[in-house]
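Both of the next two complexes hold chain A, though its partner changes from chain B to chain C.
On to the complex of A and B.
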C-alpha cells in the first residue's frame, strides 16, 4: 500500500469520530474542567465570584464536620440501597429466569416498567402513600387504629433508601439476569445428580456464578444512588441533604457556586475512585467466572 | 437378570408424544447406546432415567426397585452432559470432589479418590485448572471423572463426544470404552453417530420418533436390520425391489436379473437390502452401469445405475483392476449377505 493511502487510512478513524469527540469535549470535558476550576475560586455575599486560586472551599469542606456528616450520609444511603437491591433483586432475577414463557415476559415488563416512568413521578408516588398525615397508607392505618402517629417516611433516611431502592431495582435485576443467561442450562441438574439439595445448589453453584452480575449491578446502583438528585430532593427536601442536593442548593439558592463546585467535584472524584477500585477488585476476584 | 429395566415407558409433553412404549432391560456392566436422529426422544429417555423428567407412563426399575420414586439427588447415577455442565467457578479437582462432598466423604479419602479419578481419565496434574482454561477434550474428561468418582450404579452419557473434533472423538471413544471395561459400570450412551454407537456398545437401541426400531448387538443391527429405517440409518445400504416366485420349483427370489433360491416362508414382492461392501462385480447378476467412481484411499466408491434403480458399491483397494466410469457391469452378492423385508407369508 502506498504511504499516502496509509496516511489517509490512519487519519480516517479520527475524522470519523471527530463529531462525537467534539461533542464529548464540548459538553462534558470543558464544563467538567470549568467546574473543577470553579471550586478554587472565591465567593462572597456581596462581591460574587472572584476568579482567583484559593483553597478556601476545600478547606471548609475538610474542616467543617457538617460536610463530613453529609458525605457520610450520602454514602450510607447508597450502600444500604445497594444492599437492599442486591438482597431483593438477585432472588427476583433468579425466580424470573425460572418462570416459563408467558409469565416470564409479563413479569419482566412489570420489573422494567418503572424505567418508563419518570423518577419524579415514582418518588412522588411514595410521598402520596406515606407523606405525613395525608399519606394514603398512613391515613388507612391510623383510621384502622393500628398506628397513632404517621409512619416516619418523609425526611428520613429510611424513606430515601426505600424510594431509591425502588428506582434502582431494574438495574440490579437486569444485571443479575444477564449473568444468569450465561449459566449452563444443565448446571443445576448436574449438581442435583451429584446429590446436592436445593439450598446447596443455590449457595454453592448458582450464587458464585451470578456474583459478578450482582457486583456489577451493585456498582451501577451505588454510583447512581450516591449521585441521585430527584429522589433525595423530594423525600429529604431541605432537611435531609445529600451531596447532590447540597451542591444544587449551593448553586441555585445560596449562589455560592465555588462551594457547590467543590462539593460536586469531591462527589465525582470519590465515586470514580470507588467504582474503578471495586471494579478492579471484582475482576481480579472473579477472573475465572468472567472469562 | 435385568439390572436396569425400563418397562413400557412413555413421555408426553402436552399432546405431543415424545417417547412411546419404551421397554428395555440392561444387564449389569452392559454398555447400551440409544441411537437415533435428532429429536427422536433419546435425551428425554435419559432424563427420565436420571429423574429430571417424570415418565407419563410405565416404570423404571433399578435392581427391581422403583427408580421413579427416588429423588434425582438420591439416585446415585453418574451423568455426563452434552455441554459437560462443569462448575466454572471450581477447579477440576473441586468439580470432581463435589459429589463426594455431598456424600460426606472424609477429606483425606476425598483427595485420594479425586486424584485417582483424574489420573484415570488422563488428567493427573490438572487438579488446579479451571474448566474454562481447559480444552474441550479435557473438559470432557473432567466431566467423566466427576460422574465416575461417585461410583455410580449407572453411568448416563448424553452425546458426550459430539462437541469434539473427529480425531479427538475417536481417541475419546477408545478411552471411554477402556475405562468402562475396566471399572465395569453399567453405561447408557446417547448418540446420533452410528459409528460411535457401533464401536462402543454391547447393544444398540435404534430409535425413531420416540419408538424403538430395533434392539440388538452392533452386528445384528447392521447386518439384520429389522426395518428400512434401521438399515438406512446404520450406514449406507442398497434397497432393491424384488419378487418371490413360488410357482416354480425350487422357488426363486428375483431382483432384476439377479436371482437366488427364495427364503422360506415369504412370497410376493419384497425389498432386499444389501450393504454396498457386500456387492461384487461379476459375470452374472443385476446389470448396471457405473455412473461415478470415487477413490477414497483404502477403498473405491462406485455409484451405479442398475435395473432396480441407483446402487452404491464399495470395493477394497486391493490392487485389482476396477471398472471405470461408463462401464457396464453385473452386480452380485451372496444370499446370506442380504436381508429381506416385506412380502406375504407363504
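On to the complex of A and C.
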C-alpha cells in the first residue's frame, strides 16, 4: 500500500536529479560515445573524415612500434612519478601529522596549496629552474657535490618525472594524511612501552596502517600522470611525446581526428581498467582497514 | 605523541623548499629589471608587469577566463544543488550509480574530455564558441560543486525544515528561506573551488578554445610553446595571485583541508 505522499517522495529524487542527469547524458555520455565511434572512421589528407566503420586506426596503433613505444613511455613516466611521490610524500605526511597544531596547518596549506595553482605556472617554474645545462637545479646539485656533470632536465624524461612528481605530490600527501587521521597514536605508545625501537614501530606499526592511503594515493597519481598534458608538453618539448600530447598533435596539427580519437580511447580504456582493477585488489587486500 | 627528530625536520625543510621553489622562482623572475630571464639581483622592477598592457591578447584572455570561471561555476551549481539535495536525503534505486556518474568527470582524463567535446561541439556547429566553453566547463567543475554542496546538505539538521513546514512554508519558500541559507557555506565554497578548477584548466580547454575565446592558461601555454621570456612569468605571477586570494578566502571560510580531503580531488 503506498500513499500519495510516499509516491511523491519516490518521485522527488528523480525530479531533483533530472536536470543534471539530462545534462550529463546530453553533453558527456553522447560526446564520449561519438569519440569512440570516431576512432573507427576513416581519414585522408584530402577527403577529411569519412564516416565508415573500419579498423584502420586501431590496426595502425597495434602494428606501428611508434605507438607501443609512446604508450610505454607514458606509463613508464607515470610509474616512476608514482613511486617518487610515494617514497617522499608518505614520510612527509607522517612528519606533518606529528607537528603541533599551528605548524601543521601552516605547512599543510603550503604543501596542498599548489594543488590549486595553475599547472602551467608550476611547470613554467620548473622550466626556469632547469633552464639549459647551467640551470639553478644543476648548479645547486653540483655545488653540493652530488653530481659532477650537469644532468639534462629539459626535453628529457628525467625532467618530466621531476616536474610531474611536484605537480602530483599534494595528492599523495593528502591521501596518506587522511589515512594517518584514522590511526590511533596509543598503538604507537603501546609498541614503545613493549620495547619496540623506532625502526620496528615504523615498519610493523605505521607502515601497515598507512598502506591503504599510500595505495589509493598511488592510483590517483598514476592515472593523472599517465594522462597529464601541460607538464609533458612544456618540459618534453615537441619531440618527446606521451599519449596526451600525441592526441593533441593528431587533433590540432595533423588534423587526423580518427587516429587521435583512437589514441584517446585507448588511454581512457587502459586507465579505467588499471584504476578499477587495482581498486578492487586494494579493497580485497585491506578489507579490514576499510570496514 | 613523540616529536619529530632532527633528521625528520631536515627532510621536511628540503621537502617544503622543493614544493615552493618553482612557484617562488616564477614570482621572483617576474620582478626582474633585465630584458631576459634572470633573478632580480639588481633590484626589483615592475617593467614586465607594465609590459602585459602591450599584449591585449593576455588581457582579453584574462577576462575570458574570469567570465568563464564565474559563469560555468554558477551554472554548475544550478544543476548540482538540487541533485545534491536528492542524493543527500533520499535512498532510491540508482542513487549510487547517479552519484558515480556525476563524479565521473574526475575520473575521465581531461584530454579525452577535450577531444570528446571538440568532436561534439564541432558537429553541433558550436566549435570554438564561448557557449561551448561554458557547457564543457560546467561538466568538469560539476563534481566539485556537487561534493561541497553534498557535504553541507548531509550535515544539515532536517528538523529545522520540518519546523518550517509545520509553520506553513513549502516549496520555493522553504528552499529559499530555510534550506538555501543553511547550506550556503557549502554552496559558496563549492562555487569557489569550481571557479579555481575552471580558471586553471588547460588540458581540456586547449582543444576547444579558438582565437577570441582563448583562456589565460591556453594563451600562456601557446606563448610558452614559442618562447619563454619574463613576460610570461609576470602573467603567471598574476594568475598565482588570483588563485592565492581565492585559496585564502576558501581556507578562512571553509578550511582548506576540508575542501581537499575526500576521494578523487583532481586538478590538472
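We take it that the second predicted complex is superposed on the first by the 264 of 291 C-alpha atoms of A that agree within 3 Å, B and C clash if a C-alpha of one lies under 4 Å from a C-alpha of the other, contacts with A are read in each partner's own complex, and residues count from 1 in each chain.
Here, contacts are C-beta pairs under 8 Å (C-beta built on N, C-alpha and C of every residue); 3 or more make two chains touch, one makes a residue touch a chain.
Computed from a predicted model, the values in this text were never measured in an experiment.
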{"item": "Touch count on chain A, higher of chain B and chain C", "value": "C"}
{"item": "Touched partner set for A:68, first chain B, second chain C, both or neither", "value": "neither"}
{"item": "Which superposed partner A:208 touches (first chain B, second chain C, both, neither)", "value": "first"}
{"item": "Which superposed partner A:194 touches (first chain B, second chain C, both, neither)", "value": "first"}
{"item": "Partner chain in contact with A:184 - chain B first, chain C second, else both or neither", "value": "first"}
{"item": "Chain B versus chain C as contact partner of A:280, first or second or both or neither", "value": "neither"}
{"item": "Contacts of A:88 with chain B and chain C, given as first, second, both or neither", "value": "second"}
{"item": "Partner chain in contact with A:28 - chain B first, chain C second, else both or neither", "value": "second"}
{"item": "Shared chain A surface residues [contacts with chain B and with chain C]", "value": "185, 192"}
{"item": "Interfacial residue positions of chain B with respect to chain A in the complex", "value": "50-52, 72-79, 81-89, 98-99, 102-103, 130, 132-133, 146-147, 150"}
{"item": "Footprint of chain B on chain A - complex, ascending", "value": "184-187, 189-197, 200, 204-205, 208-209, 286, 288-289, 291"}
{"item": "Residue ranges of chain A in contact with chain C within the complex", "value": "9-10, 12-14, 16-17, 19-21, 23-24, 27-28, 30-32, 34-35, 38, 88, 91-92, 95-96, 98-99, 105, 107-129, 131, 136, 163, 166-167, 169-171, 174, 177-178, 185, 188, 192, 216, 220, 223-224, 226-230, 233-234, 243-244, 247-248, 251-252, 257, 260-261, 264-265, 267-268, 271-272, 275"}
{"item": "Chain A partner contacts - residues on chain C that touch it in the complex", "value": "1-4, 8-9, 11-12, 15-16, 18-26, 29, 37, 78-80, 82-83, 85-87, 89-90, 92, 95, 98, 101-102, 104-105, 107-112, 115-120, 123, 135-136, 138-139, 142, 196, 199-200, 202-203, 206-207, 217, 220-221, 224-225, 228, 232-233, 236, 239-240, 243-244, 246-247, 251, 256-257, 260-261, 263-268"}
